[in-house]
Amino acid sequence: MIRVGIMGGSGYTGLELLRILTEHPEVEIRWVSSESYQGKTIEQYCPAWRGRKNRVFCSTAQAIQNGGVDLVFLALPHGSSMQFASQFLTQGVRVIDLGADFRLKNVSLYQKYYEIEHQALTWLTEAAYGIPEIYREEIRKARLVANPGCYPTSVLIPLYPLIREKVLEPTLVVDSKSGVTGAGKKPTENSHFGEVDENFKAYKVGNHRHLPEIKEQLKNLYQEEVSLIFTPHLLPLKRGILSTIYLNLKQELAEEELIAIWKKYYQNERWVRIYPLGSLPETKWVVGSNFCDLGLVKVDSKKVVIVSCIDNLTKGASGQAVQNMNLMFGLGEETALPSQVLYP
Amino acid sequence: MIRVGIMGGSGYTGLELLRILTEHPEVEIRWVSSESYQGKTIEQYCPAWRGRKNRVFCSTAQAIQNGGVDLVFLALPHGSSMQFASQFLTQGVRVIDLGADFRLKNVSLYQKYYEIEHQALTWLTEAAYGIPEIYREEIRKARLVANPGCYPTSVLIPLYPLIREKVLEPTLVVDSKSGVTGAGKKPTENSHFGEVDENFKAYKVGNHRHLPEIKEQLKNLYQEEVSLIFTPHLLPLKRGILSTIYLNLKQELAEEELIAIWKKYYQNERWVRIYPLGSLPETKWVVGSNFCDLGLVKVDSKKVVIVSCIDNLTKGASGQAVQNMNLMFGLGEETALPSQVLYP
Amino acid sequence: MIRVGIMGGSGYTGLELLRILTEHPEVEIRWVSSESYQGKTIEQYCPAWRGRKNRVFCSTAQAIQNGGVDLVFLALPHGSSMQFASQFLTQGVRVIDLGADFRLKNVSLYQKYYEIEHQALTWLTEAAYGIPEIYREEIRKARLVANPGCYPTSVLIPLYPLIREKVLEPTLVVDSKSGVTGAGKKPTENSHFGEVDENFKAYKVGNHRHLPEIKEQLKNLYQEEVSLIFTPHLLPLKRGILSTIYLNLKQELAEEELIAIWKKYYQNERWVRIYPLGSLPETKWVVGSNFCDLGLVKVDSKKVVIVSCIDNLTKGASGQAVQNMNLMFGLGEETALPSQVLYP
Amino acid sequence: MIRVGIMGGSGYTGLELLRILTEHPEVEIRWVSSESYQGKTIEQYCPAWRGRKNRVFCSTAQAIQNGGVDLVFLALPHGSSMQFASQFLTQGVRVIDLGADFRLKNVSLYQKYYEIEHQALTWLTEAAYGIPEIYREEIRKARLVANPGCYPTSVLIPLYPLIREKVLEPTLVVDSKSGVTGAGKKPTENSHFGEVDENFKAYKVGNHRHLPEIKEQLKNLYQEEVSLIFTPHLLPLKRGILSTIYLNLKQELAEEELIAIWKKYYQNERWVRIYPLGSLPETKWVVGSNFCDLGLVKVDSKKVVIVSCIDNLTKGASGQAVQNMNLMFGLGEETALPSQVLYP
């Protein structure tokens, strides 16, 4: 049994971790912390949990004191993970950070976009970027995994095989749309029902925090600088990201050839589903599951439109985190991850 | 021209007042205050207003200093209206309070439900309860109008004629459902998209603040104590209240007779629409307008179900406030009020 | 292994059956029929199923010819189940009908409300009404189970213990609200997005088909005629029913005593969750699961408001059907039923 | 007074025409036809109209027989407008066609995309393309106006000034998102609540019918072939289109310079609103109004992202149609058009 602790269990990603880990046959959850709800049971806080395994939130201090775990999931605001990660790692506890603190190798970009000084630089260097479909080997051996942002996951999985096969120009446009739970559980104007319902908007065009993350990853894959435009939008729904990605091919390739490249890399990936020609993913086909769905259409001899879909809380956050854990501890990578979609 | 001021112009009811009053041919808006957005223009705050009449929010202090108005609308949190109302009234300025401070004549109930001491008791006695269809004469002469709660409006308009004609037992069940804008513009857990979207709940069963308001009004109309159960619910939509009201008839009456009673009172009421037998109101048929729509079905020889619909921000708040203003200043009662419904 | 067939697998209840049965360790699905989609695979029809167990829809004729099953689930329009049920039952195959054909023992009411002649009267007499929490023994032995309507399930589970303990007057008001999936997968004006979104309405007041069903069941439980008003409403959301039930107590009882009655009957029921005083169910706490959540508030010395919630497709249809199957075949009643709620 | 007839008055664009024209001081609506609802009053069909000007739908045959109009609006399915347009035009009645029959000058493209033979080629040649901000002079003199598609309107208005000033490369990506009312009032799987709610999808990528329309218009403006990728998506909301447009500048220009170009063309356009730098349009700021809102962000030295918003039923259909009418009949172009936004 893997003994795990969860820091920040009362947010949306924390609750999603609990949803998944509770069903995990090889995991024992030792403690779940929540500064805001310490002392409360999970079912008091979230009645969805009535009649299921109950548990009391502990404080951060208790979490650290408790220790006794092999792995800690950090589901904390950016800036908070750094210190706790260092603390646990130093004690030999492995860490999966669902926040942003270890995603960007380029510290100055981190500091620019997150407006905070990085205080765990050694660990940053060591951190594996947690997309198993791309960095499986690194993750397997990692002590610290930086769980990727939801948008980057939806962008990098479809692009990785095509970049590796060198069929893409390094010039691309990514038009992404996310459900509101991506903004977390804390009430703000951006998540206020009266402002979000029946509305659609672009936001942070040209300066979203996931832009440097996607760019750094693409640069790694392309092995050259990339011209990327990334526009996130907010959908009036709870779960789901759909990214529409506009690409230029280096040489003309048929749709079938592009699909074949995806299949070459992802044929045996449990959590990537490639759509047959003529059909495209929709968010409703992934909601609640760990799938990343991919489809494409050629719209010109050398222009391709890719559509990818994930559930931002599952493959975009907590599902992928558990997938990383499975990998780190030598378990079947699909263990306990939801393949069931709640449809309709 | 009626010179008006609006205190609390940046909330949802304040903005709805602006939407209506801006089209009013007999109104000059002299100032609009907002503590949070003073110094900002309305279009900066709410881009829906670009290209329309612009205006700068002033502070509360400036509002009072500005004066120079015949009427002030108070769109403030409960507890705040009392003092400002007194101040303006003393200067001879008439007041329509969209908050709760002057709705309950029974001070001890006010203090119990709003947990605050009442500090304008003289004015409280004088305040007219602002449903024109019921208290037209009082409102016409009033210096101070207490604009009713949204739920009470949806309940009292359908009941008034039936109570006056003494056909109802004083025992009733009111099951009301409201859109989320009723909770205002301030982000809270109760208006957080992730909590409200795709959800439905009852809340404050047996102790909602509109319960004593409805009860006091019913007692006035019945001239006896009333047994009322009132259950508010929260709908995952923005605008609209639907109340389902369960009534017992004193003697058997046909549906046609009940409709006839409504018509006797409301035939010439511009803002009450009586549905023909076999059809019932839906919220979408009133959204954006000042209408209160009424329909009924008999379900047993002496049992009737009434369905009423209003837009909680219009007839349930700002529309009714302007209707009261029209009445107080001798204008056509329908002036400037929206009869247009945004459908679909 | 129980060998099952599903007739009508492409509708919303059919797909929900598949969602649940696919995870069932004791079930082998032999065939799934769909007149409209025969020859198609489930994943072609519903991409949520990609990468999971695939299967081809067969025609009705093939379904019957295939046979080879111990149990058939009928997820068909009312009127269609009668003949197929008879056919299978005669061959010794047990049947759970998710439609309405065997719910009403009173044939004349069936014929009045469903406007169709009943053609399987012998089987009608034998059919067990499929709420395990109430009719466990009958279901265990049944060859034919009439799976209840979604609204009746949400009403009868909370009332059963209170009626059995004779604390209720036989006069009640039920104000129910359902999500749109209750209307099925076939596009109609009542399920058209432009008509349903941002709207709320009551419908079929006094003549909904679930009215005689609830009434017949209540009469059985009360052992006397019941005065019931039942008003269904349509919520702008996909899954979930919330029923607000207004009751009169025969004698004064404390909230704690009422809760104690529920606990006496449901303490060990896996799928009934009783909320502690001061809290009430919301649809979001049950969506995706087989739970029926119950809460209550006393609003007067002898008046009680009950709030119950179910997922209309799970406990209100396919989940309960599988629960009935488990019972009929001597399996653990909770086997394979979803306890997980997709929140947020 | 302009005497107008409306053919196809019961669809969403027909009802939106009625909403606007009923308030028009210079218009007398002589008849409104609806094949499906002939003989019914508008308020029977759509209770939003109770208590407002009522009117009976006539049949198509009666509409033609009635005649007696100066202008006919055709709000019919594509393919139906051709014949009626010819008929009315021959009688000297001017026509605004809200359908697609006269939008594409290239007949073979029409026939390819709409799969129907064009039967009014002479009139096609004469038809003006009805975006007043671009083709004001042509529309003023036109007997026949082809009212543009909703997507093309949202794309061409922002691009026109920039193309005219020759600052854009002829290579662009348009990622558009539309509310569900764009699909009309007829229930289909694509507008079924259970399929659309909480879902987001791209559709008809590379072969949407508005693609050749946008392309033909862009070619006219650029005076050269254009490389256009156009991806429409379906939003889970009722009204609103947001287009995100990705452009390449021929030479480096500052954001201020681009805004200045817009202002040069649109300074005095009542229905175009240019957002100040740092802010972008959202659909909620235009819903219910005839505005087309524009904003932009530079994301690289020569790369620009434009965001435009319209209400698909107003500026995207019926509002623009009335704007065209105003122009054709020498009225103030803003007459009767809604500038009010229903917010929240």
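Details
Lettered A, B, C and D in written order, each chain numbered from 1.
Just so it is clear, a residue touches a chain if its C-beta (ideal position, glycine included) is under 8 Å from a C-beta of that chain, and two chains touch if they have at least 3 such contacts.
The model shown is predicted, which means the values in this text are computed figures rather than measured ones.
Taking each chain's centre as the mean of its CA atoms, B is the chain most distant from subunit A.
Looking at B-C alongside A-B, one finds more C-beta pairs in contact between the chains of B-C. For the pair subunit A and subunit C, the distance between C-alpha centroids works out to 37 Å. Distance between subunit B and subunit C, defined via averaged C-alpha coordinates, is recorded as 39 Å.
Here the spacing of subunit A and subunit B, counted between their Cα centres, is 46 Å. Among all residues of subunit B, those that touch two or more other chains are 12, 181, 185, 194, 197-198, 236-239, 281-282, 284, 287, 344.
The residues of subunit C lying in touch with subunit A in their complex are 12, 15, 19, 23, 46-52, 181, 185, 198, 238-239, 270, 273, 275, 279, 281-282, 284-289, 291, 293, 313, 339-344. Residues 173, 175, 177, 194-195, 197-203, 205-206, 227, 229, 231, 233, 235-240, 242, 244, 246, 280-284, 287, 297-300, 303, 305, 307, 344 of subunit B are the ones touching subunit C in the complex.
Partner subunit B is touched in their complex by these residues of subunit A: 12, 180-181, 185, 187-189, 191-194, 196-198, 236-238.
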